[in-house]
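Look at the two complexes coming up: subunit A is in both, with subunit B in one and subunit C in the other.
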Partner chain A sequence: MRNTYLWLLQLITGILIAVLLGVHMVLMHLDAILGFFGVDATKITSWESMIERSNQGIWAGLYIALLAVVLYHALNGLRNVILELTPSVRTERVVTRVIVAFGIVTFVFCSYVPIALLSA
Partner chain B sequence: MRQIQPRRNYLGAVGWLWAGNYKVERYLYILHRITGLGILFFLLLHLIMTTVFRIQGQDVWEATMAILHNPWFKIGEYLVVVAFVYHALNGLRLILQELGFLMVRPAPPIYPYRDSLRRKRPWTIAMIAVVVILALVFFYDFIAGGW
Partner chain C sequence: MDKNNLITFKVQRYDPEHDRIPHFQEFMVPSGKCLTVLEGLLYIKENLDSSLAFRASCRMAICGSCGILINNYPNLACHTQIEEFHSDTLTVKPLPNLPIIKDLVVDLIPFFNTHKSIKPYILRQDAEEMEKPTAEYAQPPRALETLLQFTHCIKCGICISACPTSASDRLFLGPQALSQCYRYCTDNRDEGEKERFPMVDTDHGVWHCHLAGACSEACPKGVDPALAIQLLKRRLVSRAVALGKKQQPSSTVPSPAETKPKLPFPGFTVK
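And now, the complex of A and B:
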């Protein structure tokens, strides 16, 4: 039953990521086509543009929320790939714990940066 | 008495790359896994770039961006985009299929019937077509926007 809920969360986070990262990919990679429609996205990776976004709470919140959703989807997907090899219950537990620990450490470390940059 | 041997159809780890008797959907599944693991690898690099290097200030950030404007990294980024587009649209197809939205009207299984996989195949082909179109749109921008 627990794996069913994990899988349902995988579907929900998948849809969220498809929308949010879709916007991200269009802004980052379609600058020539966006310029045709009057949206300037050519300087989006410059320091000034990046810091301007980092100073706003809404962007920091979006980054952290996206981080949580993406980390869940990626690490649960990796867990599903590994568990498809049908390891023993013991190995399965070790795999789950390592992946959960890695996810928590990454989330804490990576969400510290947008919070620290709010006052940069 | 003649012993009937069970057919050996367990592909094991070989099934990660070779689909045996299965059809195109199984290869989409393999590609879904490869793109997923590839994006996971990119995500880790991306997180290092946007945390460890970003927190160190303007000079380090601009040096990192200069490295990332190398043509090889640009080609890599294009591959990540294509992998993302494929993974997203194939995932959407799998979600719709799992929740039962792509099921067509039931029909009696009288001989030249089409199985459920073949009845869903138009959606599969439409998904592949959209992936190809989006990959071409991103490729146009990749060329037109300068590397």
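And now, the complex of A and C:
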């Protein structure tokens, strides 16, 4: 059932991306929408506001979660495309290992920023 | 056949012993009402070029031998009327996504091997009853209805040739094998899910279907393999997350104690 779980995770991460990226987009880029609901979003993109949010665990957690789901969704999709276009058992093994390694390295490298900012 | 009404058959020829690449050859075939593409090919074989190779058998869309690409659309030659195309020219090619043996004949051995790999037969735990059956397994009409359309598959390979995933991924199991996997897994007499699921839950199995639906559109028997693949996905997910009702395999039905008396054989009317 390995591939069934991988596909289920692909679906779940797709939904999570829509939610987490939605939160990020509304906060950072769609201040007009927040203004419509009576929220003053002009300060949200300021440096002080960003540092203040970074000190809160929930925001760091949200960004790390967004990074994880985007990485899984994108890299699993890329793996499926590559395996379909180059079907062979050897390619499968190499592609899977390279993509898993790339995903882990990228996750560790990129999640360092919100973790470091927590203690800033 | 109307000898005055001629239609051009552009047939793809390929003989691996002499040709490097396939080429087209044109034949003028007398056309007429209700004439099928297969009859056109038979006319060529009998009157114009006896070296033309193609498969055909039953001539009534039952055996699935004469699957070819007619005007770039896969169909059975015996099931396609020449008149349908309203054209003076018909392009006839072998089914794509399958290796060509000669002219219009494709190698169906990989296709049948894939079909065999999903164990397309009833699998039961009661091995003794399977070896030496004492009675029939019960199957109510409602249980039969859930899988009936998938039993109409004639294994012609047309769904594979229409499938875009089979075109890009030569290891893809294909709509035929996947729909037959669903057909047997959903059968209330079957207990073979555990043996079949590892075959289809692979990198080139059920999850690689793009849901283009080309297989269902092309099937000459009206089977909907795309639906079967979606239902198979649902079945796999429900087993993976342990949701959904697992059907109990049907038990055997004892033979009726009394059978109706047979009708007497009618007597000879001519002495």
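Here are some notes:
Everything that follows uses one rule, which is that the second predicted complex is superposed on the first by the 118 of 120 C-alpha atoms of A that agree within 3 Å, B and C clash if a C-alpha of one lies under 4 Å from a C-alpha of the other, contacts with A are read in each partner's own complex, and residues count from 1 in each chain.
Just so we're on the same page, a contact is a pair of C-beta atoms (placed from the backbone, for glycine too) under 8 Å apart; a residue touches a chain by one contact, two chains touch by 3 or more.
Just so you know, these numbers come straight off a predicted model, no measurement behind them.
In the superposition on chain A, A:Ala101 makes contact with neither subunit B nor subunit C. In the superposition on chain A, A:Leu78 makes contact with subunit B only, not with subunit C. In the superposition on chain A, A:Ala65 contacts neither subunit B nor subunit C.
Contact with subunit C, but none with subunit B, is seen for A:Leu8 once the two complexes are overlaid on the shared chain. Counting the residues of subunit A that each partner touches, subunit B and subunit C differ, and the larger count belongs to B.
Shared-chain residue A:Val113: touches subunit B; no touch with subunit C.
Looking at the shared chain after the overlay, A:Pro87 reaches subunit C, while subunit B stays out of its contact range. Annotation: subunit A residues 85 touch subunit B in one complex and subunit C in the other. Touching subunit A in their complex are the following residues of subunit B: 13, 33, 36-37, 39-40, 43, 47, 50-51, 54-55, 58, 61-62, 65, 77-78, 81, 84-85, 88, 91-92, 95, 98, 137-138, 140-142, 144-145.
Looking at the complex, you find that subunit A touches subunit C at residues 1-8, 80, 83-85, 87-88, 92. Across the complex, subunit A is touched by residues 165, 168-172, 197, 201-205, 207-208, 233, 236-237, 239-241 of subunit C. Contact residues of subunit A toward subunit B in the complex are 11, 14-15, 17-18, 21-22, 25, 29-33, 45-47, 50, 67, 70, 74, 77-78, 81, 85, 106, 109-110, 112-113, 116-117.
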